[in-house]
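Next come two complexes, and both contain subunit A; in the first it sits with subunit B, in the second with subunit C.
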Partner chain A sequence: MVNLKSEILNLKSLRSFRMATWLGWQIESNWTDPFLFAVYSIVKPLASALILVVMYGVITSGDFNAPLFSFIFIGNAFYQYVGAVMTGVSWSVIDDREHYRTLKYIYTAPVDYMAYLIGRGIARVLTGSFSVFITISAGVLFLQVPVQLGAIDAPLFLAALAIGIVMLAMMGLVLAGIILLIAHHAGYLGDATAGALYLFSGAIFPLDVLPEFLRPIGYLMPITYWLELLRRSLVGSVAQAFPTLAPFSNAQLLAILIGLTLLFGALSFFAFRWCDRRARERGLIDMVTNH
Partner chain B sequence: MTLASAIETQDLGRVYKIRDAKKKERQELVALREANLRVERGELFGLLGPNGAGKTTLIKILTTLLAPTAGWARVAGFDVMREQARVRPLINMVSGGESSGYGLLTVRENLWMFAQFYGIPSAQANQRIKELLEIVKMSDRLNTKSSDLSTGLRQKMNIVRGFMTDPHVVFLDEPTLGLDVGASRDVRAFIRRWVTEDRARTVLLTTHYMVEADELCDRVAIINQGRVLACDTPANLKRRLQRDAIFRIETDRLNGAGIETLRALPGVRSVVHRSGDARDTLEFVLARDEVLGAVINAMEARQIRLLHLDKREPTLEDVFVDLVGRSMAEVEGDAK
Partner chain C sequence: MTVGSGMTPIKKQTGWRLYAQTIIGRAYPRVIGTQREKSWLFFDVFLPVLAVAAYVYVYRAMRAPEEYVGFVVVGGAMTAFWLNVLWSMSSQLYWEKEQGNLALYIMAPNSMMAILLGMALGGMFATTLRAFAVIVVGSLAFQVQYAIAGWLELLAVFVLALTALYGMGMMLASLFLLLGREAWHLSNLAQEPIFLLSGFYFPIKSFNFWIALGASIIPLTLGLDAMRQLVFPSGATLGFLSVPIEIAILIVLCVVFLIAARVLLAYMERLAIREGRLTESRR
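Moving on to the complex of A and B:
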């Protein structure tokens, strides 16, 4: 039994993932002052949520009871995962290559590099979860966002959250692959991509608001269904107030999310492999660009 | 069944396609051409050449970091392109002159983490870390954050990282670059000891320090402009020149005057000129002792004042000059 456990722990992918998670957490939590770390984790998400709240308040003359407010608030809160996970996974390439100068040693070790990158992103999932929790709690406590503990569809919430994080990690892999090939401004890629997808994923407004020719972009993105499922699992009534995805049941949405995650996951896997091969062909694995 | 060589390359080549500063024109830079090498298990093999000779390119290919554009290479019997997953558990590498490592982790944590990547059980890894840190005289730094280490100590930690996994083949790229004399001596002693302890272990190291290659390596390949020019034991390489007479002459400042005339004299194989603060040094490789008379006459005719003269045994530097026609420093100077 002990042998079996150690065999499993020693599988290359699992080993890479486990150690990368440990390393990621050491880096992510390495604030010399834990108080500062906590403040940063609380103040930053609250400040960004507050900007949106103020803008919403100005535009709607303070109509915080409308379903749209909860729609925006919850979507925006969970959207923090998009930047956190995608950047967490892809930033590791820059961090190891440029800052710690360890990428070549990790790359030439018997490591499953994809598992390693995803492991490095896990720390951002944890800190991101903390930020989301703080934001949602503030919304419930101070802005009457109608999340009621007793009414939460916990299995749906947990399933959607887990699938979504896997989906975002796989999207982060594509960015990591691109970063292996580029130097200039690679550090901003995660946030830039998250910013670009913000408009089309139904995070801050329903897809119906978009011009008709832009809506297919939102329908193609798994993030759209992921956010919808999270809203439905937390506050069903709010999600149902908007017609975009209303015809779909929770099970159908979950099936679409799983299908798109598998599709994007497979595409990401091959895209990363291609970028990795190209980087090796072009001699870019251990380049130091100082950008 | 015969064991495969530790390293084998056949017509190995690498061409980089680079763009000029304006990113308009693409140029080809040949970093390595038709390299044919065979390093046996148990050897401490050196690649000797100036900066930009292709040494690091060769190491990058052999460690699976870089794809070759021609030929093939095998490490421990496995093809570095098609069987990289089988190569990687058997190798490790260390690059000198850089401060790599996670500064926020302690020395032990850094080393332990890399041991985990190779699947070494924690207890065994911790034991090896202690032993190796003892050898490189860093036991007292076990729990020091690596960001608090000096550059030299950080490099030693990196060297321990490279050997800790007990690789079949270890690649050392300028391992003593940037280290002080004492630390370099410790590192060289450690490398020699490691490879002698077990004849299945192989080291390939690159260096542009002649003395390092001479003292440390069983065999040396001299490489310049991507080409392997010679490959043999240091003694055999130097023996090529033993029929020649090697003289070192110190003069007052020359400012380059007359060097070409001296080079053109019959029987002069090569002249290397080094400028000092108050005096210059000329190193002559002559076909025979008698040529020295003609050299001195030529110097007198050009009013070059001779301050000191001695005859010495050939070094690897002389071998390099004999093969390339210029010293390593001159080659590096031209490249700049």
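Moving on to the complex of A and C:
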């Protein structure tokens, strides 16, 4: 009996996840024709990367071979996943509650809401991956970013990428829980968190550039280790040129990333459950704020 | 005219008085909102300061000259105006349509142009507070040094840049009148490319002359460039055009965008009514 119940629950979670991913993809992509969608997916990330490229070019007179450039470029490219996945999970609460006004129907349907939210976030992985690929390709083709297909540590890259996406989805779950409880500024929460992590995780500059009292925040963030592993897997020697995480081996970094992901994952799970219960108790599920 | 027994009589206005009252009425929630909803201090100052800090540390990682830190602080503060124009001017009529207010605007005996002007003035006031707060916090945090070359010129550049920018916003608002859910995506798309082309975080002179000239269609490009020339000691050497020329171009942009906004709004309103798009809600 217990096994049957568990199996039904698992099926429900899987189905919710799968359908939410499909729904998320439709919402993300079907607002326009494929051409405009492709332009949208290419122009935005490239413009974001080009801001840093121009800043770097102005100061260094175009010395794109220096390790710092690869550090900045790759960190910025992969950071797109943070905004995409984390904000994707949390934004779907606002979308369903305020925009489509379907959240109460989702709650009353046989849907595992947590799996549903993660599915909505994963849909953004698809669009995010396209943006990352375009950005990295542009860097390799036009800016001498030294990513060589033969030299990529593929197992490390795939492992780090997969763990990172799970970690980001779980972090998005915390934001989704908080958004369930608040009326004002819900739309800003994802951006505020992504902005703070952009600063503290050493995405576009080595952590030792930060004032000493701010660095511990970066060391506590799994994204810091995730980006470092991605850099090392793509351009090993370049990433290791910076002292911040140089003493750690790849295996140590991976272990830290896994440990922090498990920790953040567990915290996210319980935090979301708590927020969800509070939102139900306070009758906030069908709240429409028009804010 | 009274609206009911025991209620305050509302004086009926017509002509320019109604026009002025509409502007004040639409600006009112944006101005008063900043007083009533203090939490904007956190989100509208904290978020831009985070972005500013990230770009400041990038420059420090590159060992850039310190005036670039000042460029980033001023540019980061001015992003608030572009975001306000995008999300609270251009796409505002789309939001109003989504919430059912647009039809009320059209039905009421007031000018849509006055509504847009009210939105612009209210938005300008609220955003100036935010931008000022970002400049103060950013300058204190990163010890930015200013050397103002001409207060009058600086004020003229600021006012002209904002007038032209919000004129552009009013023009775009009329275009967005026809859009459905793609409005959100198009506004989203117009962020980073404009941050890049307008040189929010670096001198626009870094671009090829023709690219910089093309980017000057966005009033903040020349506004920022002129402001940097006027407030930083080395600004003039990194300026794209001389300040008087930039002021002259900004005056032209003000006139062009305000006239274009008026013409386009009248055309788009007619088109939207004819095609039945004023009350549609394509979610």
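By definition in this document, the second predicted complex is superposed on the first by the 281 of 291 C-alpha atoms of A that agree within 3 Å, B and C clash if a C-alpha of one lies under 4 Å from a C-alpha of the other, contacts with A are read in each partner's own complex, and residues count from 1 in each chain.
In this text, a residue touches a chain if its C-beta (ideal position, glycine included) is under 8 Å from a C-beta of that chain, and two chains touch if they have at least 3 such contacts.
Model, not experiment: these values are computed from the prediction.
K.L.:
In the superposed arrangement, which partner chain does A:D191 touch: subunit B (first), subunit C (second), both, or neither?
P.N.:
second
K.L.:
Between subunit B and subunit C, whom does A:V58 touch in the aligned arrangement: first, second, both, or neither?
P.N.:
A:V58 sits against subunit C, while subunit B stays out of touch.
K.L.:
Applying the document's definition of touch, where does A:A255 land relative to subunit B and subunit C: first, second, both, or neither?
P.N.:
It touches nothing on subunit B or subunit C.
K.L.:
Could you figure out whether subunit B or subunit C reaches more residues of subunit A?
P.N.:
C
K.L.:
Is A:Y100 in contact with subunit B, with subunit C, with both, or with neither (first, second, both, neither)?
P.N.:
both
K.L.:
Applying the document's definition of touch, where does A:A38 land relative to subunit B and subunit C: first, second, both, or neither?
P.N.:
Neither partner.
K.L.:
Given the touch rule stated above, what does A:L220 touch, subunit B (first), subunit C (second), both, or neither?
P.N.:
Once the two structures are laid over each other on A, A:L220 reaches no partner at all.
K.L.:
Examine A:P110 and indicate which partner it touches, taking first as subunit B and second as subunit C; both and neither are also allowed.
P.N.:
After superposing on A, A:P110 lies in contact with subunit B but is clear of subunit C.
K.L.:
State whether A:A246 touches subunit B only (first), subunit C only (second), both chains, or neither.
P.N.:
It touches nothing on subunit B or subunit C.
K.L.:
Examine A:G283 and indicate which partner it touches, taking first as subunit B and second as subunit C; both and neither are also allowed.
P.N.:
First partner only.
K.L.:
Starting from the residues of subunit A touching subunit B, keep only those that also touch subunit C in the other complex, and list them.
P.N.:
100
K.L.:
Using the touch definition from the top, list the residues of subunit C that touch subunit A in their complex.
P.N.:
37, 39, 43, 46-47, 50-51, 53-55, 57-64, 68, 99, 181-182, 185, 188-189, 191-193, 195-196, 200-203, 206-207, 283
K.L.:
Could you list, by residue number, the parts of subunit A that touch subunit C in their complex?
P.N.:
Within the complex, subunit A contacts subunit C at residues 31-32, 40, 43-45, 47-48, 50-52, 54-60, 68, 72, 99-100, 184-185, 188, 191-192, 195-196, 198-199, 203-206, 209-210, 290.
K.L.:
Which part of subunit A faces subunit B closely enough to touch in the complex?
P.N.:
6, 10, 12, 15-16, 18-19, 22-23, 26-27, 30, 100-102, 104-111, 277, 280-281, 283, 285-286
K.L.:
Which stretch or stretches of subunit B touch subunit A in the complex?
P.N.:
14, 16, 60, 63-67, 85, 88-89, 91-93, 95, 98-105, 109, 113-114, 116-119, 121, 161
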